[in-house]
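Below is one structure, written out as structure tokens; comments come after it.
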Amino acid sequence: MFQVRFHGRGGQGVVTAAELLAVAAFDEGRHAQAFPSFGSERTGAPVVSFCRIDDREIRTREPVMEPDALIIQDATLIHQVDLFAGLVHDGYALINTSRPFNELGFEDSLASFRHDRLITCPATELALEHLGRPLPNAALLGGFAALTGQITMKAIDTAVRERFEGPVGERNAAAAAAAFDFVASKVKELARASTD
Amino acid sequence: MTRQPVHFYQVGSFAVGNRLLSADDRTVQSLRERTNSIDSGHRACQGCGEALGARYALDAAMRATNDRVVAVNATGCLEVFSTPYPETSWRIPWLHSLFGNAPAVATGVAAALRVKGKSDVRVVAQAGDGGTVDIGFGALSGMFERNDDVLFICYDNEGYMNTGVQRSAATPPAARTATTDAVGPEPGNVFGTGKDLPRIAMAHDIPYVATATVADLHDLERKVERAMELHGARYLHVLVPCPLGWGTASNDTIHVARLAKESGLFPVFEAENGTLTSVSTIRRRVPVEQYLLLQRRYGHLFGKNPRPDIVARIQAMADENIARYGLVDESTESTEVNA
Amino acid sequence: MDTPFAITLGVGTSRANHTGSWRVERPVYVDRLPPCNNACPAGENIQGWLFEAESGNYEAAWRILVHDNPMPAIMGRVCFHPCETACNRVQVDEAVGINAVERFLGDLAIEKGWQLPEPGRDTGKRILVVGAGPAGLSATYHLRLLGHQVRLVDSADRLGGMMRYGIPAYRLPRATLDAEIDRIVALGVEVVLNHVVHDIEEERRAGNFDAVFLAVGAQLGKRVNIPAGDSSKVIDAVTFLHQVAHDDPPLLGRRVVVYGGGDTAFDAARTARRLGATDAVIVYRRNRERMGASGEEVEQALGEGVSVRWLSTVNRFDAERIVLEKMRLNEDGFPEPTGEFEELDADALVLALGQDTDLSLLDHARDVTVHDGAVSVASSMMAGASGIFAGGDAVPAERTATVAVGHGKRGAHGIDDFVMGREPTEKQRHELATFDRLNTWYYADAPRTKRPELERIRRQTNFEEVIGGLSEENALFEARRCLSCGNCFECDNCFGVCPDNAVIKLGAGERYEFDYDFCKGCGICVKECPCGAIEMVPERI
Amino acid sequence: MLRQIEGSKAIAETVALCRPEVVCAYPISPQTHIIEAVGAMVKSGRLAQCEFINVESEFAAMSVAIGASATGARAYTATASQGLLFMLEAVFNASGLGLPIVMTLANRAIGAPINIWNDHSDAMAVRDAGWIQLFAETNQEAADLHVQAFRLAEELSVPVMVCMDGFILTHAVEGVDMLDQETVDAFLPPYEPRQVLDVDDPVSIGAMVGPEAFEEVRYLAYLRQRDALERIPEIAREFTQLTGRESGGLIRSYRTDDAEIIVVALGSVLGTIKDAVDIRRDAGERIGVVGITAFRPFPSEAVRAALAQARQVVVLEKSFSTGFGGVLSTDVAMSMRDLDFDLRTVIAGLGGRAITRRSLEDMLKRANDDELEPLTFLDLDHDAVERERERMRKVRRSGPSAENLLRDRAAFSSLPRGGGA
């Protein structure tokens, strides 16, 4: 089972992101379960959602306590929320920011994790570029596909286009593709760096 | 002198029927074939105004719809005295659910009829004043606001009579009830309280709002008929004296209802789409004392320690109604006669 | 439907619950005597015929009417309608115009040629009726209906008595009078005119009559001793009107003074105006409130230019001048002389001070008591002597045509009992339907329809009828103003106002009945009955 | 067709396949997505022959359903928590009148303190309201149960409440094999009301019944619920025959054959329990699970049979009777009369407190070691409770302890409040 936790703020499409990932996994013939943190949070407040992907039936209903991956849609949440709580030691984290990783102030809490799996991605910028609106969730899913290999870019593309009709779907798909490319090249870069 | 048209009948405009009128012009109540929607054997008190009002209204609705009426009833006297197992007095399809939900139940009935394609069947919901102005008020306002195709009839006897005469938001000032005792400096119900539901109904801009009393059958039937011509939410507020709760003689039910109207205390009018369209003017104006004196619930205003000050305040209320609705037609006003 | 137990119930089941057992008092339908019927001297069932008239069933109405009174067209003109005075509607707005409706029906019957009922099966009894005025004609009619043979004798050359010779034609057109009299005669009556009966016993024996009805009227004008010059023209009103009726009017001159305050005085004054008098002055010793004539007649006379000197007596009549003494009313309302005098120019003086009866034909009758110029009678109209009955102006009563008609009817029935050997029966009368028993709310407000009047100017110069009849429209309207006091008229109120549906409507003309299985005895039906035809009576416990 | 779909959406679409004729809607979390979706289907015309009525309260929602059902229409609504309580009078009324209304209850805690998250307090509060109450373990089952619910309700003239855990199921996106119209039509015949407001055959529905017949009316209702115990499994079997899928029924057992300890629970937590049981089984403990689908009528005989050989029965409940303890436990205990066994009640997941597999494993281990108290509150913060009690001892002042507790918990703003938080 692969478990993902999404962090973001109300209005950023955090719940939708988890759903899209579940749908994408489902489309690839896997079992998937997505659910929100069920808060009554309003726009702007910290929000969490979850997604599980497995090859067999998923029975558990507990929240994701020990995620295999984190998708952090808003890096500023670090000041309010213990973002990395429970992340397995070889887990992934995809962080939406245009700033370099070392400027985020995460270092102390990340010492024990594999740094080649902690990736930043300017998803909001990519969204603005492709979509015209600062909604980074679809883009981050593209990045997630590139980072974890748990899902294909094609499945993400299909799920996004199913969810958003017409041009909006196109543009989100384009943002996701751009993020996929960005993260894929970054992953290669890091791999090279680690082997270097 | 101007010649009278020949269509004048001894009692043509006020009594229940008249052998001289053509069948179409008679009241429904004058017809042997009237439905008797609420049949004999019910357990209402002697002289019950509500039993009378319900039969008047529903029989009229039945005639107006070719006998295609279903009724919804709130909990209350009418429900209790009409359907104690194993006997029902209703001759029409009738549903009782709860005290406060008659408007919503009626909405459901109307919705079901609509979806079933039974557009010819019409829904009448009925409740006492408690079920209307108090506990059912939210549901009623919702029904109004959605403009559901229901005629809602409130039989207003100005209190919770079923439970032993307690105050409702329709209880008039100074009236004694079990929860507004006739003691203290302001005996009976408090002035400045209460709810004027017909006006609240009008504020919903629903197609039809009307008031009536059991004392004017022609008027009541005409209003029911008018209501049945229209679709959407309609509201009819009928004053039905309660011998038990008002402390009136059982034979005074109609008489006292008439005085309520003739004194101006109970304005009789109708409104369409939120606008007043007609008022029933006072025929033989009487001072409120005449009305109050017949009722033991106002007994504390008279007798050993009379309270003319309170009677004057009640008279002022009547005068205010008369001014607000134009209840006195100056051109035909007659001298004061015992009505 | 297979309905769930207890919570769902089938219609009509509550009829098993007989709530009538709750009752401590029960309503019962009653019939009360309407004040109009009660007041009618002719004993008409006024409310009964108005009821039919309200529906436009005029012939049925007329038939109810002539059941009691065979001369509605006449009564509809000359009756002073005490029914209207008694009418409860007075206390709502104005009395119902009963008289006008009666006349409408009477005229319509003449126009349509409706005939009176067939005479009853011949009893073989022979009755002598003396006098063919309203009492005699009425008695004749009723006797014929009862199957008795009638000989009607009169001293005049035509039938009608005072109706012909006392009432001016402008109040009672002769064609109408003749029509209604002819209709009675057509029932098979032996009429003997120009015949004066001198001795009633002898007349009865000679004709072998089983009974006699005396209706000789009051034909003698009362005279008072008024000093008058020889050339002064003084005439009594009865003679004056009689001569006018005979188309032989006396010459009275331009200024006529009529002395008296009854209807005859006004008839005389109004007749004088029509004969060309420029001044017709009535002199009366009391004031207007205490006058005998009907207000209607006074109004009409004043409208025609008749003037009245109230509180005056005629002191003497010199040539072309009458001296009046002014009067005043004392505490008891009686006029007293004041000693003040005034003068009035006059060509003639007509005395209208009342009439006396010539009862000399009774001189040889045994056991008949004549008191104060009138024949004493029992309620059956029988005078002391067996088989002699009397009515009209000859007996002590109000002297009006309607009273006379009533006497005729009562006398006929008294005679019937007598000749058939039955004990006279007193009819049980219902309790009076008084105003306080009515619920007048239910009656629509509607002032009475006035009979059209001829232009005043026309009526001063001729003997055309002054008061016109009602149109059908107005007659119907007027009939429908009847409150039907004390008797159900099927307004459906009781049927409608019962909270327990405990009134059964039996259908048109059948009224209602109570369903005591369900009547709880609340009494709303009684309270809301417009005409007071229901009352509550205690249940026997 | 298998679809990855939000639970609420799956319910809405399944309800639509049941051809409801009147649907009343009043928003309350967490059921809103269901009625929103039904409303959209009606508005778009996709669900034809259906009146969708936005009412002013849950009380009105149930009342509209009552009116519609009594007029012969198939009526549906959904609610949760406070909404259920607000309509409570009408809930009793619907069953008293024998009206086959189907209602989704998105289970949620009842305040105060106000709490929008999942537990079973709402369902338990109305367990005696005369409704049939079915609990869904998954969204698949929730969807399937709605089809069965209409069938059951209309056959027996009893309203049916399909209970599904709020948020945990309603908001979860997972695979659901959606039925098609043909299948639902084959399974669910048109509604033939037992009583109906009909101008051509008038009856009075809702009479006042006195002492002379009230007990009989109630006894008849009891017998109908007994009938339901027969019909629920039959209908479930029919459903399986038609769809090849097992959904519904009275109870479902998991690894109980040789179990010494059996956990009894309702709803979605069964999945997590099964995962925990598998792990404990791997550790050699003979533990099984019985999930109760039909809570009302309570399948006493089936429960007794399923639990008969257990040494210990652990009833895990998302609700409890303040002042006593387990609610479900009482029913289980009554079903097990005269049998020799230990009963343990575990209260868990109140107000959305996450029930984690780890906590369950721990609890099961203690059960296996016979260390479980008769009444256990899972993951209770004993320190916070003790501090509050200490304060209460000092200051005898009444008031909401919730605020004090929250103030106490510095972790207030930290992560994650979890699968219910």
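For reference, chains read A, B, C and D in written order, and residue numbers begin at 1 within each chain.
As a working rule, a residue touches a chain if its C-beta (ideal position, glycine included) is under 8 Å from a C-beta of that chain, and two chains touch if they have at least 3 such contacts.
Quick caveat: nothing in here was measured; it's all calculated off a predicted structure.
Contact tally for B-D versus A-D: the pair with more C-beta pairs in contact is B-D.
Here the spacing of subunit B and subunit D, counted between their Cα centres, is 45 Å.
Taking each chain's centre as the mean of its C-alpha atoms, subunit A lies 114 Å from subunit C. Between the Cα centres of subunit A and subunit B there is a gap of 66 Å.
Separating the CA-averaged centres of subunit A and subunit D is a span of 34 Å.
Residues of subunit B found to touch two or more other chains are 82-83, 85-86, 88, 90-92. Residue positions of subunit D with contacts to 2 or more other chains are 97, 198, 202-207, 209, 213. For subunit C, residues that reach two or more other chains under the stated contact definition are 6-7, 9-11.
Chain contacts in this assembly follow no simple pattern; the graph is neither a line, a ring, a star nor complete. A complete list of chain pairs in contact reads A-D, B-C, B-D, C-D.
Considering their complex, residues 67-70, 72-73, 79-80, 82-86, 88, 90-98, 100-101, 103-116, 121, 138-139, 141-142, 145-146 of subunit B touch subunit D. Of all the residues in subunit D, the ones that touch subunit B in their complex are 21-22, 24, 49-51, 53-57, 59-73, 75, 89-90, 93, 97, 197-199, 202-210, 212-213. Across the interface of their complex, subunit C is touched by residues 1, 3-4, 6, 8-20, 26-27, 29-30, 32, 36, 39-44, 46-49, 51-52, 55, 82-83, 85-92, 217, 243, 249-255, 258, 284, 334, 339 of subunit B. Across the interface of their complex, subunit D is touched by residues 5, 15, 18-19, 22-23, 25-27, 31-40, 48, 50, 58-63, 65, 80-83, 85 of subunit A. Looking at the complex, you find that subunit D touches subunit C at residues 96-98, 157, 194-196, 198, 201-207, 209, 213-214, 216-217, 220.
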